[in-house]
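Same chain, two partners: chain A is paired with chain B first, then with chain C.
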Partner chain A sequence: MDPLLSFARGPMLQIAIAVFCFGVLWRLLAVFLLRHRRSRSPARHGRLRALIEGALVAGTRSWPHKVFIRRTGYGEALGYGYHLGLFIVILLFAPHIVFFKGIIGVGWPALPSSLINIIAVLTLALLLAVLVRRVSKPVLRMLSNFDDYFSWLLVTATVVTGLMATAHLGGPYHQLLAWHILSVDALLIWFPFGKLMHAFYIFPSRVINGYTLARKGGAS
Partner chain B sequence: MSTTDITAARGPAPGPHAGPDSVRDAMRSFSRGFGALAALRLESCIHCGMCADACHFYIATEDPRYTPVWKAEPFKQAYKRESGPFAPFFRWFGLKHKVTAGELEEWQHLVYDSCNLCGRCSLMCPMGIDVASLIEEAREGMFEAGLAPAELYERAKSQQQTGSPYPTENSWADQLRAIGEKHGVEIPMDRDRADVMLCVSGIDIENYPALVVALVKVMESLGVSWTFRSAALLAENYPYLAGSRKWERDVVNRLVDEAAACGAGTVIVPECGHGYGALRWKGAELLGKALPFRAVDVSEYLAEQLRAGRLHLRRDGEASVTFHDPCEIGRKGGVMNAPRELLDAMGVELRELEDNRGFTFCCGGGGGVVFLESANKLRYRAMEAKLREIDDTGADQLVTTCAGCRYTFDDARAHFNWDKSPHSLLELVAQHLEKTGEASA
Partner chain C sequence: MAEPDETQTVGEVLAAQGISRRSFLKFCAATASMLAMPPLMGRAMAKQLASMRRPSVIYLSFQECTGCLESLTRSFSPTLETLIFNVISLDYDDTLMAAAGEAAEKAKDEAMRKNRGRYLLIVDGAVPMGNGGVYHTAAGRSAEQILREAAKGAAAVVSVGTCAAFGGLPLADPNPTGAVPVSRLVTDKPVVNVSGCPPIPAVITGTLVHYYTQGKLPDLDGHGRPLVFYGNSIHDRCYRRPFYDKGQFAKTFDDEGARNGWCLWELGCKGPVTYNACATLKWNDGTSFPIESGHPCLGCSEPGFWDGGSFYSPLATGKWGRAGEMRPKEVAAIAGPAAGVGALVGAGAAAWARGRRRHSEQDSGGEED
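On to the complex of A and B.
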């Protein structure tokens, strides 16, 4: 076997998974173990209703309120679009399912590779559009830092190397596959340190903030 | 009140007066109150910039600096560098630089002049971050750094020390009594026992005495035992606006002590947005224990009385009105149905604003911005969209339930030569009170 490929999916992957797991756990604990201030003002409609409404925000916030959609619809469509593409490619591509089955022991049906390829190309196009938007829109350019660009680079590199590997484009397959897995390794290692962590924060953040707004009976 | 009066009421123009340790003090204060919720908010931001599209300051100017979450940037940066889960990592790799005093001074404009703490951005954030709360905490840091604008700082300090945000020729209680005498209503002041204690906005006392009269008439019509207390007369909480939690607590405490002294089980905050928010939603948190009374906004109290059949209103259906939800009472306070119930009971035609209820635009004056000389130009620009929405309804009257909003709209009337004047819902209710015996007729 190609030594680079062996390294990528052997020790390097193990190191990456370990960094990912410990890093994510630490970053979550370091936040959630901080002091919790108890809300002492009585909730307008009771805590239970506030909790339910807060939990609903986890889903409802994925779709912008209609008063905002005119201004934010394009950005949200791009953002959610490439996320959806990534989920489909990661979870429903046959070789990925084999990989997951090797780890967790369970597999599931895959989508046809040709369809996955189309989705991956579309996802890549959306990722490029996201980058163009980030550098061209003054608000985003100002907010952006190393984390934003580096995280984008790692995600995009993973998609590009994956596409190259499936298309056998740019080198021998095992070498392309090694680069694809190495980019996944890099992504996993970077994951706990940067904005990719939003994958773990998004629902607690929506629910908890939704709850704090809902207990006042205000808009959430 | 004229714009001249508004200027006269202001303190000296704010200037950078940060000391050599200002950054340390600001960050220490910011991190002192730090809990899991604030950390989660800071950690969750993905720099999507969408909060900008909810903020009237950004919408009006398209200046990226007015992106809501950017207003908390130095504090976000300091958190990640000094106390976040990977603080050493950020320091070693130089991914977050140290916040400088100069940056904090620059941010004074963003944290105060260009933020009404209105919370509209909190409804846009795809991560669900309550951005307004972050900026509120940033104000607390700025306050500790000596960077609260002079107008708010002086009022906060004076209110904490004396109960009055600025020296007045006659005490606030005397001013209330004088309004009562002039309009032939008796002002219940410092009664030993009362079920309900009321405070009132100083803005109303000075500028809208008809509101005070309306308040007295409406309360008297309900037949409840109520009183003002001269030691805790004002509804405002300037320390909240300036960013001092400690002083804010002292102001709340004054209300708590006076309510206890007269045995009031209910404290009504009449038409003062931030005063309501500070008492109803922050009071217990500041004191560390539940308030010993129920804190209500006057419109929710009156809607309850209406439902209970104790408030009788005449339906005349003459006017069409549009209603401005004050951010602290509506979006952030949860009182949005009550004003509409009252308007409906009076038979007036309500023409809703394009952005209404929880999504309404701030009047532009919230968060103390109306008092900031340095914010004027930007504020006028930011409120143009709001004024347009009001005009677009074609309603005869603009009605609201916050003295600060009313004051801001009145100021806009003078500035823009705008043809609408804001009205108080409470005054409208007083005008529609059924005379005794009329209700059953």
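On to the complex of A and C.
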């Protein structure tokens, strides 16, 4: 077995999973255990109704508003597109399912590899479009920092190396697979400490905002 | 049949053994084709082989199971490969030779003296270096001493089998005998690694024939193996590859996928990371190879294949623990404590932030939940 591949799927993967779990729990609890400012507004709804309304608002506000759709539609379509592509590729590619089965003990049906390849190529194209948009829009460029670019780089590197390994492009398969797993390792290590952490924050924070507003009678 | 003497040419010996010129030419054409040479090279190869003197070969066996030699000698008999192997002047092989003890050692010393700088040294097995080399001795000398002495006068060294080439099973964790591959000790001679557990007989003879007819070792890959045999992965040449591309995998050895001949990747097949000629040359006179018999490739021609994780664990899974399998409880053993420490640090950070906030709220008279 290639030493780099053994390292990538052995000690490095173990370190990456440990850092990922450590970091995610740290970041989650460090935020969720913070005090919340007491609401001085009388409660308009009970807690359960506020929670349901909050959750609904979290869902409905995740779609582009019709008033702004001309301005924001392209960016949101790109965002949804590559997120959906990533979910399909990560969760429904047979080798990935085998990987998850090793971690959680259960697997699920896969999509055909050729379909996954097409989706992965489309996802890569969307990721490139996202980068072009980020650097070409002055305001977006000003808002971007190292975290944005580095997170993009790690996600894209994982997709690129995965495609190369699947297509056997650019070198022996064992080296390509090693680089793919190493990029996943790097992604896992960076995940809790950068903006990728939004995967864990986004829905709870939206629900909490929705809940708070619903209690005040402001959610609609 | 008279024992061939060393002054006879290979052609004369073959004729004496009743091998027709037609059969010999067929063998040379097949070998040239196997070595990816142009068709006309078969004739040139036949001419060169037939006219050359029987080359001297010394075959040393160290930490090995004799499977490699079995592979070579037990191939379908009488194949031309084995006959070609017979017509080389095998001056020393402690498994095959009739002589024993001092007579055997004397034969080796004499062959080494007479053919100094010209003989080919074939080594089978890893070399134990631990505890002064006590784990393998012959005629009172350690394997390391025997190898260094024999390699000194050799034209080239052929490491046959994964043990000689990469250390193989003896080198596997925890390597109790301090085993090392031949290339670790022989650094001043050309060394070619013919790996496999065992190697395909035709790959061994093909490498020898290339050396004798071309006067040099074949082009080698990064692991010192002849590119012509080890240039492609098993996966690339596997007849089950279309099932991999379609995502159709056997999940167990007796499910519908296994019965339909689907890809064995999920059953731990190491074909994608294994470079060998099994899928093209095949075994048992071209009958089949392990995957064709329904078993995943073990990756036996690759360095460290014993320590590469479970044979039955797919490549995409992590390599976890000594068993080399990534299982939920083993993942939890690492992820659990890490998450626990993370939770403590996170809770501590939140408590610290709450404390700071409380102080500032007290200062400004604010309230919180």
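Things worth noting here:
The working rule: the second predicted complex is superposed on the first by the 213 of 220 C-alpha atoms of A that agree within 3 Å, B and C clash if a C-alpha of one lies under 4 Å from a C-alpha of the other, contacts with A are read in each partner's own complex, and residues count from 1 in each chain.
Here is the rule we go by: a contact is a pair of C-beta atoms (placed from the backbone, for glycine too) under 8 Å apart; a residue touches a chain by one contact, two chains touch by 3 or more.
Owing to the predicted nature of the structure, the values given are computational and were not obtained by experimental measurement.
Legend: residue contacts after superposition of the two complexes on their common chain; A:140 is shown touching chain B, with no touch to chain C. Using the contact criterion defined above for the overlaid structures, shared-chain residue A:195 touches chain B, although it does not reach chain C. Look at A:41: by the touch rule set out above, it reaches chain B but stays clear of chain C.
Applying the stated contact rule after C-alpha superposition, one finds that A:72 touches chain B and leaves chain C untouched.
In the superposed model, A:33 makes contact with both chain B and chain C. Applying the stated contact rule after C-alpha superposition, one finds that A:204 touches chain B and leaves chain C untouched.
Of the two partner chains placed by the overlay, only chain B lies in contact with A:61; chain C stays clear of it. Shared contact residues of chain A with chain B and chain C: 26-27, 30-37.
By the touch rule above, chain A contacts chain C in their complex via residues 1-3, 5-6, 9-10, 13-14, 17-38, 94-96, 98-99, 101-105, 110-114, 116, 168, 172-174, 177.
On chain C, the positions that touch chain A within their shared complex are 233, 235-236, 244-247, 249, 265-266, 270, 272-273, 275, 299, 302-305, 307-309, 313-320, 325-328, 331, 334-343, 345-347, 349-351, 353-354, 357, 366-369. Taken together, the chain A residues at the contact with chain B in this complex read 26-27, 30-37, 39-42, 44, 57-58, 61-62, 64-65, 67-68, 71-72, 75-76, 79, 137-148, 192-193, 195, 197-198, 201-202, 204-210, 212-213, 216-220. Chain B meets chain A in the complex at residues 34-37, 39-41, 43-44, 46-50, 52-54, 58-59, 62, 64-65, 67, 69-70, 84-86, 89, 95, 119, 122-130, 133, 280-285, 287-291, 330-336, 355, 357-359.
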